[in-house]
């Protein structure tokens, strides 16, 4: 079984060569030449440096279209009109499935008809040269964002193509994104990606790695997200990665979100070796959005407010058109500017909210508990431990579509809107912590005059898109006006 | 000189009759018949009851167009599509100047061409019948919002026309809204308005009165706004008004805004007789808006967030098109829904921010100081005291265009973004309080490496429209990323 | 007698939350639900429908590739001898499209009904009860307005 | 030698903050500013311009009645024998209008330059320096893009 050990150089080379025969563009990758290329890029495009040296949270949208010229135009627009500090290149779904042939058909159709026949940028098909044209045309660092279980060829091509930041990981791009890929398989594939990033790092080109923190984006309890993020950073560190950005997706309760971001920063620094530089990323609400741009702007702004208080290094913004489909560039830039305005108005204010410390302490306890569980399952090896813990259900993610996770744990909000666990299934957790969750949930049950049930979970899943934080039955809960 | 005394009934009748000859539609006012009309209105249109019995902050936009049918359509739209709980009818500027002839020309032109030739609804010209058609057509309580120094005929017609809430007051519709009207004159005119509202109240039809809290909308220190609001409520109470809604306009610093709303509620209840029912209203940012709808949505959302924490009884919303001009109905409804989403997501959360109590205590001390100053100037009479205090500059409002106020006091933000007073001019205030302001401001001066000056004031005036809270010179201030 | 419906997310789409809610709602409404989960191929839908003698196939797609993923779907069903009511729902186009066009596109691909992502599960349940001529007081009370 | 400009808000408009900022900016740029304040009539503008031998009249309007308030303004100036550079700025139309139309409208009413409310005072100062042929290095450095 797999272990958390560095892939030897010759093994790295062997896989790399084999991979590059998978699609014609693979042949253009030349590591030595790529190092030179990265060295030639200006300081404003050195991703890790820009991110790590920022004073205020940097903003980054999501965006990817099939054609190179359109992608350049889109990113340039988001940079200049949206004020994005960091840019993304979101990869299409065929590429994520390693279906480069289908992606090629889509890309060609897009080139002919001008239609968006793919839901992202097929970077493998564009090849090293296409990627570099993009990197050169746009005046900000760009990250590859995808959702690809086997992202090895994509990494080889985009790293050589000048990208210096790469989202994903063996768990976070498996469990929420796919059904049949086994965890052991994705672990192996991501060890390669991380090892390749490590190889660049050794040569002075630090590739930033960002685990996908929000997982399924739907009421994920903070400690689960944080633990998985830390594990992915540890796995990356083993392979030589030195710049990591674990992330967390807004749940909408300000106290819990601020506490979670603080716990994430603290624990990641604690669990990772000193030579790894940790930055954090906050994702604006990743669950279902209201089908109304005006209301969506409210959701986005609450994210901005939270970011202003917790001050993560980076914020991934949403657009007001999130509900509907891939946003227009104007809406995407709008989401950036709404967020910017809220952050800039609030960030200089001293906003210390009561209860953040207690919530943070709870999140930390839970996270440590999960980390212990993982290590125990792996007899001290985090890679194995993760696989085994998911296998047994001792580690789990709510709403996980993957066969590799039980997906049996069910989250629900408490009476204050914080995400707690209602159905623990086999998730391992201190009995005392479970008791705290239970107490919080029975308080809500009492307020609403109904028992916790899947109905309550479903109501919470819909709540924000229905305009509330908590999915209460009509006419219950709420607060009086008295201050 | 005027005194804070109730106008005798015969005097009320005399003025009323005289007034009603000012414009033909005045003849249609019949008090007894009007009482019956109000009694016939359903509970959902009884303004004070709806406002006072709400559990959550009610939302109200601003809106007024010249033609009756357009106004009905507009209000109906804001109610159904915007989810407004309370509706406004904003009066045009000619009517505010008592230029009913010009308003008539504008209205006729609007009827012919369909163009919006007036910036509001000329209620006097529409007359009692027109007003009632509006009240009947729309399924929510409607308030008259204007800015009229001499609003007596407007009151007589709109009260008889079925409106049950009336914004303004002798100070708040004079000092920010006009140059040449004397305070004594507006006091007299508003005593009539309040007395008329009191006459309805005596007969069981409670007309709600709402002082215009934001004043000049531009960095008004909370205590000045609160004191003036309380004075106007006191003057109204003397005339028999029993439902008052003093207000306050967001300054953008969450701690200061929450503290101010709490101080407002507490002090208004304390200073007013028990039989007067006090509710409070919060205005989303009333100063210059960003010239960008996306950024404007951020400003609006910060207002919603503040409202969720402070829980005023009512929130007056802004639209994302505030910068540009009178908003489209869609944008107006958008501002409502953005606000609603933020409030509904945040209001069930326990958000207790440190420092609110201290700020509230400071605001209360300042307000009491101003109230004492006023009473002292009037030898115990609040009407006289107000006039004399404004005359001497002991009471003042920043950026007041009126000749009745010195307009010499200058506000500026401190290092945390709270509004303090930089130039006191003749404003009377405890030396200790002045010292606190000075200390806070010198802290900012130090951060920015420049002295407090009019330049700093001007920078703060522009700051929110430029995307920040505090108007700092480039490259100063700000916060580090470390949490 | 409970009627069987087959439910799944087509193509390589992994959005599972919607079908989780749908599964629960259809079960609560008395249907036997065979939930194939995410990333289900056309063939898997056809096999499951046949194997379970289903009366309806409910296809979900959120990620924007529905059109490509559904090309030839009804031929695959026909070849497997499956002739049932077919619904599709979710977020069916890439970008900010006009739903009426989308509806026509998927109807011409052979789907009996097309739902947008604002659809409340109750609407789909009510529609299916009518299409399968299940008359219960509950079905009558429900309003369909998709 | 300092040049004199007359500044005021026309009609019954009471928006004072903008001219407060403008007064300060023009003074700082070396002009003698006669600030008539808010709610200034056409006649008051003309009288002040004459009395102070002003070289420019700067009209501000925010509340949406600028067009009505400025009808015949240039006749009133002419009758008073005032022939100076006239600017207008602020929020010049009711509602969400297209600024190019607005500019044309006010130019045809006789104004030399029309500014929208995004105008930075420095732009207006630079323009006025050029129009009055005041050449200072400062004026040259400023960029005009209204």
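Letters A, B, C and D name the chains as they come in the text, with residue numbers starting at 1 for each one.
The definition used in the following text is that a residue touches a chain if its C-beta (ideal position, glycine included) is under 8 Å from a C-beta of that chain, and two chains touch if they have at least 3 such contacts.
What you are looking at is a predicted structure, and each value in this text was computed from that prediction instead of being measured.
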Distance from the mean Cα position of chain B to that of chain A, given in whole angstrom: 45
Quick one: chain C and chain D, Cα centre-to-centre, how many Å? 65
So how far apart, in whole Å, are chain A and chain D when each is placed at the average of its C-alpha atoms? 53
In whole angstrom, what separates the CA-based centres of chain A and chain C? 30
Two-or-more-chain contact residues of chain A, please, as numbers and ranges. none
Where chain C touches two or more other chains, by residue: none
Which of line, ring, star, complete and other names the graph you get from chains that touch? line
Give every touching pair of chains, nothing left out. A-B, A-C, B-D
Residue set of chain C touching chain A in the complex reads 9, 11-17, 20-21, 24-25, 37-39, 63-65, 68, 91, 93-97, 117-118
Touching residues on chain B, where the partner in the complex is chain D: 93-94, 96-97, 99, 106, 116-119, 147, 176-180, 216, 218, 287-288, 291, 321, 323-328, 331, 399-401, 454, 458, 461-462
Considering the complex alone, what residue numbers of chain A touch chain B? 54-57, 252-255, 261-262, 265, 290, 292-299, 301-302, 304-305, 310-311, 313, 333-342, 344-355, 415-417, 464, 467-470, 477-483
